[in-house]
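As written, the chain order gives the labels A, B and C, with residue 1 at the start of each chain.
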């Protein structure tokens, strides 16, 4: 029982990441009808926003401290980050400590801009081209973005710790009446889950309760008619592309303490998130969320030793297996609408 | 000749001559000249050009003719490699049984994956193939370790069984005793040309593969595959079942990929799971598009261009660049070196990505379309009509 | 007994009853028109003939064989060809290739792997396709890419493709939709000529009464999913039930 709860919890954070990326992908499918293979790269760029902010905050003033010497008797150089110089040591350290959550503020404008630039500069020209061309050009873009990041940040994962407050783990077991230390769960993962729920509900309420969202939803159903009503739907769709990019980016920012970001994390997540979208049903936002959490949880259950001993290797392929079965039995996915992306 | 019309025969002869003269074509600079670093005429690279040419020719039969975009062909390459290495371990270091098994196994694999994936079309098909490739890759890394030897990869050991070769036999791949790695060198006017056995084996098989794809392109079967791409709805209302046609194309292209995988293992008897990763499948997509999907020659050119450039670009490191820009003032030199270094050496993939994007955006027909445009600009029509439209002209 | 027999066919989509107890019989060698106001179920009925839709109940037989549950290509191989409302052709291929494909389908069946033979050497197929193109006055456009032609030409090409299979039954879905009067008259003439020469049975769905009354030997009127009248053309004109269906009850 405790094992099951633990795996359920473990599945949540992975599921959150899948759901967030798939949400963005689906927004792009649904609004612009574009198959975006560069979406994983946006997730990766988000993660590197957090790395960048950490680096910026660590830019240091170098002073020479005469009172301390190294073993050769030279005065020691002391690096003090400028934030500590400006805001005082305690505040400065706190800022650095909280660099990952702070990166959210830093990443939003960047991701919105990247999304906007991508749509206006590239994707726009591919609306009337076949889906295969869209896949190809965004695949090319994904390679380019990944390589640019690799050029600037190198090939190794860069650790980006969570704030100290969240470093510990939470003992769920005692709360539910199990033995202590049976079900422990890192704080940050709880934060990640809560964060993703906030983002998801944010996007949903934005679409549901604002006029802007209403127009966008109308446009998803029938772009032409909305255009004929004198509404500049293209502009709104561009903004939605930016929002989708921001969602992917924020998912990346907050994921950094769970897995140190590296340049190929985008490609790693890309395949999975496409699978998630397909399982959920292409073009269905609730489907993407549902499938994201479902597959995340399934994956962590499959990695339980009890299950692996019956079906060796199942943890490696469970997601793909589910995707294949779903695609063959329910071609439109769990909650897909008719006619989306069907040739 | 060979069941081709005059035009295609001429075309095939040109391709054969080009292939056989690769050791010259890829080695244009004298050894002593500063340009010698751009020579690509060494065995390893030439073999790869031929092998990836085969891979791309096969992929083109599926993507170029039917329009089904598969991202999963790396799986067949991997299956081919593993099968070949197992043959080397168990039976003989002669490459023939290995290659035969590679083609058969990948064909069976393709039949299975294709049968399932082809139930869907468009983007769904692409994602299904992607899922299958990733699944094979993960399995090869984990549970299938007894067969694939996991992360280390499958290798030849001196104490392998090798029933046909007997004990203490050599551990080099060969063709009836002729070692793949052996080469003849010819030095003339300061040029060094290498004629490698492995390359010529690959080249011979590549020519056969090309010939076969030429026949398929010109056949009623090829016409049906183009009909699949054009309008499946009309096809089924014309009394034709598109499914077996696409499945046949899928299996054929899978077998080509397996053949390429078997040859890779024959040149260097080692098979690793990374060969099955979907990005490798992405590479063959890039090659085919770059050269020109749906054309006969395009995929081969694409494979050649990418493998050659990859080699050259990867070799240009900062030292080389400093050598080039030595004559400039220091500041400018460093700036230029910095800029160029982003795109060369480790930055080759960045260049490749940009190049690929440019082609998809501006030249959807790839290099072949570029050549066509240049030819049209200068007004003269070439000999070889590439698009396959020549099939419609009456026999000469 | 007609060549195409439709008995008690029902088809509903969700709550909407698209076809209710439809009975229809197409006599061999005749041109049978199916008319009716928009939304009467004409296209649904046609889709039931070609295997795109399966009726909920009832039977559709062709030459005594049931068509239910058969795939479109099987039905075509039995001798039923279909012309679509918007021409469905192989846009990327040349006109000549477009006509060769149905010839291959007729000769080789639903699937046959001729991967080594050359298209150039298939003399019988080429001759047949060439003759067909001459028949519809398109021989001069033989090497054009099909998608680059005018809509009228595409329509004619599609008809040539269907006819090259020597079908026993040709289904036409609004063959003159969106055409100018002159083109419409050409099409009428072409269809009449085909009928005269080849005695192909045709079922036509049509809105244009000019076309219907110039060609049809029998007319079925469909309204709200049922056949309200099936009769000879001269009896259809002025038939009270037909008027009612088209103009609504207010016309009484």
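The rule is simple: contacts are C-beta pairs under 8 Å (C-beta built on N, C-alpha and C of every residue); 3 or more make two chains touch, one makes a residue touch a chain.
Quantities reported herein were computed from a predicted structural model and do not represent experimental measurements.
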Of all other chains, the one whose Cα centre sits farthest from chain C: A
Chain occupying the most central position, where position means C-alpha average: B
Centre-to-centre distance between chain C and chain B (centres being mean Cα positions), rounded to whole Å: 46
Distance from the mean Cα position of chain B to that of chain A, given in whole angstrom: 35
Inter-centroid spacing, chain C versus chain A (mean Cα positions, whole Å): 53
Where chain C touches two or more other chains, by residue: none
Chain A residues within the chain B interface of the complex: 35, 122, 125, 129, 131-133, 135-137, 139-144, 146-148, 150-151, 267, 271, 274-275, 278, 282, 312-313, 316-317, 320-321, 323-324, 327-328, 331, 341-343
Partner chain C, residues of chain B touching it in the complex: 3-5, 215-216, 218-224, 226-227, 229-231, 233-241, 244-245, 248, 389, 391-395
Residues on chain C engaged by chain B in the complex (per definition of touch): 50, 71-73, 76-77, 81-82, 84, 88-94, 96-97, 100-102, 104-106, 108-111, 113-122, 126, 142-143, 161, 165
Residues of chain B that touch chain A when the two form their complex: 67, 69, 116, 119-124, 126-128, 130-132, 134-135, 138-139, 141-144, 278-279, 282, 285-286, 289, 342, 346-347, 349-350, 352-354, 356-357, 360-361, 364
